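Before anything else, here is the set of structures, which you'll find just below.
Look for chain A in each of the two complexes below; its partner is chain B in the first and chain C in the second.
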Partner chain A sequence: MSKNNELVDDLVAKLKRRQLVGSSTVSQATLKLLIVVISRSNWTTANQLLTLVKSVGQRLIQANPTELAVGNIIRRVLHVIREEFREADSNASSHRNKSTESSHPTSLTTSSSMYNLLGETGSTVNDNVQYPSSLRSNIIQEIREIKDELENIYDNIKNQALLQIHSNEIIMTIGRSKTVEEFLKMAAAKRKFQVLVAETAPSYSGQEMALELSKAGIETTVIPDSAVFAVMSRVNKVILGTHAVLANGGLVAISGTHMMAAAAKHHSIPVVVCTGLYKLSPLYPYDEDSFNVIFNPDSVLGFEEGDLVEKVTVTNPYYDYVSPDFVNLFITNQGGHPPSYLYRLIVENYDPNDHTFDL
Partner chain B sequence: MPPKEKMESTEQVLQAVILADSFDSRFQPITLETARCLLPLCNVPLISYTFEFLAVAGVQEVFVYCCSHSEKVKAFVREYGQQSNMRIHTIVSQELMSVGDAMRDLDAKQLIDTDFILVTGDVVSNMKLDKVLEEHRVRRQADKSAIMTMVLKKASYQHRSRAVGDGSLIVLDQATKECLHYQPIKAFKTTRQDRRMTMDMEIFDKHPEVQIRNDLIDCQIDICSVEVPALFTENFDYQDIRADFVDGILTSDLLGKTIHFYEVNDVYAARVRSTQMYDAVSKDIISRWTFPMVPDSNLQAGDSYQYRRGLVYKEQGVVLSRTSVVEEKVVIGNNTQINEKSVLSNCVIGKNCFIGANVKIDNAYIWDDVVIGDNCNIQHSIIAKGAVLEEGVTISKGCLISFDVTIGANTTVPPYTRLTTLPEGDEDDEDEELELISDPLFVGATGRGRSFKEAAVSDDDDFDDTDGDHDPRNKQVNRLAFDLSQVRISNQKLDEDSVSEFESEASDLEEETTNPAEDLDREVSQTLERAFREQHEVEIAALELNTLRMASNSSFQEMRKRIIPSVLKHIDMAAPAPAAGAVKANGRSVKEVLQRWGPLIGKMIHDDSDQVDGLLVLQRSCAQLQQEWPQHQGVSQKVFAPALRYFYDQDIFEEDSILSWFHSERSQQGTDAEKKLREVATPMIQFLEQSDSEDEDDEDDEEDEDEDEDEE
Partner chain C sequence: MSKEFDIVAYYKTLLVESPELSMPVAAIKSLVELIKQSQATTMSEFMISIKDASQKLKSSVRNSISLSAGCDLFLRFVTRNSLDVADFETWKASLISRGKSFVEKADACRYKIAEVGEPFIKDGSVVLIHAHSRVVSLLLQKAAASHKRFKVFVTESSQTQGGIRSAKVLRAAGIPTTIILDAAVGYVIDKVDMVLVGAEGVVENGGLINQIGSYQMAIVAKAANKPFYAVAESYKFVRLFPLNQYDLPTYNADTLSFQELNVDYDAKTSEDAAGIPSKSLTGSAATKTLSATASPSVASSQTALHMKTSEDQTLQGSNPLVDYTPPNYITLLFTDLGVLTPSGVSDELIKLYL
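On to the complex of A and B.
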């Protein structure tokens, strides 16, 4: 147990110090930690396990609340745990049902049905049932599947590339996103198209992105951020990466994205967002700053400019909030969805009881 | 995705030493009751920032040196160590008086077996040390004599995060990353020594390119090798790591050690050395320069700060009244209540505070558990834990209100006041139960506390300032809310030129060149006056003047320029010509003065070029004499001719020199008076040209003399 605590402490510290950042990195680290914690700890009932995972989750989320993927992974794991317990429960009761009449009609149906949404939620798991010893390994197995999903996320997304990108199109993107990079590279294998990359000041991650794309033989042009609106009329499609997708379909994406999406809307250019489902969060943005990170102003105004530093307040937000009406399509590892469909994905992937982690 | 930051894994255990004691008294009276490193900075103890900085650097073992209030530091470190993955040891030693003592103790205890990081307990930095460490290690492998790497941060001259008065001039070689010379700079340079930089010329031989930099913040983060503590033991008089150690190593030829630097640009690093820096660093943290060490990353376990627009950070349990206004750059701790119509801007407010209605707080730092009554106004001050301000109190800028002070209703506390509840008396004698005598002038009728006077200079402040004169203004500059314009008003007794000097560095340079010349002028004329008045022997006067010349490092030419006119001025035109043979020693006629003091001028003249120059000076000084004696006619000629002859007689000016003077261009230029004098000399020149080596001088001389006397 203390060994577990040490591991949790370690990850908490790394998240807090921003030694681990980026949705993909943190979600894999979280999953790895959860596998260890679940397999090593002693638990017998569903509530014990749920409380354990929740308490770990709460600490991780507090360590860096802007890494929404951490919370998402924990919710996915909680969901899996509930499912497994429910299944075990229903198995046990169906054994009993052979002799007596069923008292658990809901447990026969799958959780994602309409009935489950409206009717009795299966969250009140029975604590008195003796669960089979295979339960632990089943849960671990399910979590490993999430892990595999995370590892293969790019493959699932990039396979849809040919449906989206056609020959001789001009694509615009911003910032550096591994997902978008893979997506474009996949399309470039079959088709010839042109990519415009906004340089994405002040991090200039767009320049790195352009370098990667041009290495893959894609015709790439770096444009200054200020030119985005000017060239938008010539663009056929805007393909964006994102840091997180919120429950309403809004994006938390690198700063500059909102400007690009707004320009695209003005010119009626379709905006496509490539994202793994692990970035989909059941949280709502209550204000535009709620999931943002305000960085060091150094990259905007050098610290050595003594006089100015005192007189000017510089905010350097790392992310933009992009409202859902700017987005036309989400391409996830489960296929393409319009923003209005996201609620359904949330229901399928997370349990409504886990949206907040109150113990 | 945000930039990824990786942790450098090292095979060896990375060790660090924190000097938790500041060895000065800038935060008094607050630091009389707790240690400097435990003061809350944006509601987090100062040393937490240092621990965090080291933890990010991958340090596994930390030694904390503490002296004053060691119990409190120890207790804090014990608690902190439980939730940290670093091994933290506290070393308490009451005898520590300086950094040097701590290092010697470190050497004696042999705690360190590898290169280590040396920081003070008040460093705030978001720097990652892996590159510095790497560079240091590579350099160490190549060259064993590279014993230390200093981390320097670039920032412009007027930067708020530069500790005023703690600046330093650093000479660097960018190619080898070597630090070549180090010199601390004071804010007010009163002595000549302060204004000058002395550097070994050898530096220029060894290094083709050097930089002299004043735009670096020295945040005293050093990577030291194991030799460093040993060197402190060897040189037992070293106190300060910079002024003594770095300077000592760099100027010592025997040790053959080198000190290197690492310049950082895009990261933050600063030390909370003074109340002024406390203010600056707090503002930097609130403005997020220290990211990710910002309030909303909740360094301290249990904190729950959240970022709001306008750089406002609030904890969950803050109660803000509907009509209160929280402007920009504010940090508010948990369970603090702020009532109607109170306005907060640029301030930090601790936990469990109560702030009444209609209170204005600007630029202030209010720690935990403070109660502020209605209608208070607080400007640019620090109010420590547990203080109570009753209704209508006004705190002016620059005040330090220490723990548990109570200020009675409707009191106005004047600027730069320091209040404490500790009874007066010897601060070290804590056993003595002294009664606190409250000072109603400062704390009001119902208040509790007394004004704290700073200790005398001698037992105070930086040990590196012990050398002689200490400008009191240098202590003021690093105070909270210190304003340069304030100094000029409050310190009128100080001579104006040093103030104006501080205003611009450029004018400083000018003064450097003119000042010594003026000094010399004054000194020479004083010496001569004394010689005239007290009838010194020529030898004695010459000795004095020569000493002056050497002291001011000036040439004989400079001296001639001053001595000749002074001697000539001593001539009193009104004085009667003495009878032949009755030359009085203190007579002031032309002849007498020349006889008496001519040899002195002779002492300043050595070779041919000196003579020509001397003649030129004589010509010019005589020409100017006319102005001194407006009522006399032809003064210049009357002095010049006999003087010329006298010097010729005495072989002070030789024939060739007089001729070359006469023919030189410079003697023919100049004012009309000067040209006239040249003409006066014509007969003599003619004579000289004719006579060659004949021995007929006497006759002519007499003729000349007759002429002179006729003219008189």
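On to the complex of A and C.
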């Protein structure tokens, strides 16, 4: 157990120091840690295991609450655990009384629904059942599948590129997103199109993005952020990456995204968001700034400008909240979905009991 | 028992005895009572009696939407369970116990909704609510109890005076509340951070049926880019798919008809002066000055929503009690199943009725 704690402490420290950043790396690290914790610790009942995973999850989330992917991965794992125990439970009970009691179809009891108001309350996980020894390996196996999914996430997303991008189109994007980069490169293998990248001040990650794209032979133009609206009328499609997707379909994406999406809406240009499902969070934006981070303002106004620094307040918010009505389509590793469909993906991937981690 | 059980009378006494009870819960309670007293010996006789009773209930009140949601939910539960009946009597007993536990759970629903909706109320914000809704009041009370400072505008909703009731409840909870005219929604919308309404029913496409005035509030909120949240218990989800305002079951030929075209206006003004209520007043629309001078029957037509004398009904008959808000105006729904987007509602209904 103490060894587990060490590993958890290590990841917590890395998250706190922001040595680990970016949804993809963070979620892979979280998953790796969970596999170790689950396979090494002693647990016999579902509740023990759920509490164990939740307590690790709580610490990781507190370490950096804006990395929503950590929470998403933990919820996925919790969901897998619940499913496996439920399956083991129903196997055990069907062995005991095969003929007497017809069990309800699982779809009715698995999640809370209107039917529960009158029917039985959802089957609570029973603690007194002897579980088969294969359960542990089954759970680990399922979690490894999530890991595989994470590793292959770009493949599934970029395979849809040719459906979205057509010849001679002009695409606009902002910031540096690995997902969007892979997506555009895939399309470039077969089609010829032009990409406009907003430079994305003050991090200038758009410039890096443009460099990567031009290396892949895509005709790329960097434009200043202030020119986004001006050139929008010539654009065919806006393709965005995102840091997180919230339950209502809103985005937490690099600052400047809201402006670009608003300009696109003004010109009725479709906005497509490329994202892995691990970025989809069941949380709602209670407050527009609740998932934002204020970064070091040095890049906006450096100390060289000594006179000015004293007289003005400089803030450098890293993210934008983009409300769902600015987005037309999400391209995920499970296909394309409109924002109104995201609730369905949340129901499929997470258990409603896990939306908040109350122990 | 020789006398036939009168479900309508039972339902109405339930509502009078406990005003905190909402209509669908009272409907299910009445149906459970019917099962208790039922003399039916065969399955089909039993099913027919339940169906008849719920039909009777639905036709007994003018505004039957939330009531029929409760009836349909219970009927659905009965038919679904009727497939695996081993023993009729024990099955009946289990239905009764389930119905009872539903009534208990129904109360818990409201607390669950208050819990999921409370984080949406921001500290220092201003909330606009409409008329009176128990669950909206509870949500706001909970937010106030967790030390959030916010202010509330409530529309008076002249038909039922529900806004005044809301204001009393909220002020008692220490929330600064101002009553505004129904016509002043557009005037205050710029000062408001969010709009919160209750529901009579939530329809299949995620739209909302609620006290008259909700629709125009939603339109104003949309125009001003303010979030419009609806709060509803999941037993208020109904299987209706209205396409417009006149598609609701509460709509009839009398609603907003132009009867007064045939009336001699000169004669009418003299009638008014004499204090005899005339068609032109049509109940709710009566202004304050008018109701002060008008006959008592006009004034009383403004108070009770559900139980009215027949004379009042003919007076008010032409004004609708509820309206339909299409789903594209609704930001989110707070329900006991969690926070749903309007499209999530149809999913829940399909789960139940498929």
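Going forward, the second predicted complex is superposed on the first by the 331 of 359 C-alpha atoms of A that agree within 3 Å, B and C clash if a C-alpha of one lies under 4 Å from a C-alpha of the other, contacts with A are read in each partner's own complex, and residues count from 1 in each chain.
Rule of thumb we're sticking to: a residue touches a chain if its C-beta (ideal position, glycine included) is under 8 Å from a C-beta of that chain, and two chains touch if they have at least 3 such contacts.
Everything numeric here is computed off the predicted structure, so don't read it as measured data.
A.B. asks: Which partner, once the models are overlaid, touches more of chain A's residues, chain C or chain B?
C.D. replies: In the superposed model, B touches more residues of chain A.
A.B. asks: Thinking of the overlay built on chain A, is A:L211 touched by chain B (first), by chain C (second), by both, or by neither?
C.D. replies: Neither partner.
A.B. asks: Classify the contacts of A:A227 with the two partner chains as first (chain B alone), second (chain C alone), both, or neither.
C.D. replies: After superposition on chain A, A:A227 lies in contact with neither partner.
A.B. asks: A:T25 contacts which: chain B (first), chain C (second), both, neither?
C.D. replies: A:T25 contacts chain B only, not chain C.
A.B. asks: Identify the partner contact of A:R344: answer first if only chain B is touched, second if only chain C is, both if each is, neither if none is.
C.D. replies: second
A.B. asks: Have a look at where A:D298 lands relative to chain B and chain C in the superposition and call it first, second, both or neither.
C.D. replies: A:D298 contacts chain B only, not chain C.
A.B. asks: Does the superposition put A:H243 against chain B (first), chain C (second), both, or neither?
C.D. replies: Only chain B; A:H243 stays clear of chain C.
A.B. asks: Quick check on the superposed pair: does A:T313 touch chain B, chain C, both, or neither? Answer first, second, both or neither.
C.D. replies: first
A.B. asks: In the complex of these two chains, what residues of chain A are touching chain B?
C.D. replies: Going through chain A, the ones touching chain B are 6, 9-10, 13-14, 16-25, 62, 64, 176-178, 203, 243, 289, 293-299, 302-307, 309-310, 313-316, 318.
A.B. asks: Using the touch rule from the top, collect the residues of chain B that touch chain A in their complex.
C.D. replies: 1-7, 52, 55-56, 83, 85, 126, 154-162, 215, 265-268, 287-292, 294, 297-299, 307-309, 311, 328-329
A.B. asks: Could you please specify the touching residues of chain A with respect to chain C in the complex?
C.D. replies: Touch residues, chain A against chain C: 102, 107-108, 112-115, 117-119, 247-249, 284, 286-287, 340-344, 347, 352, 355.
A.B. asks: If you look only at chain C, which of its residues touch chain A in the complex?
C.D. replies: 73-74, 77, 84, 98-99, 102, 105-106, 109, 119-120, 122, 234-235, 237, 331-332, 336-344, 347-349, 351-352
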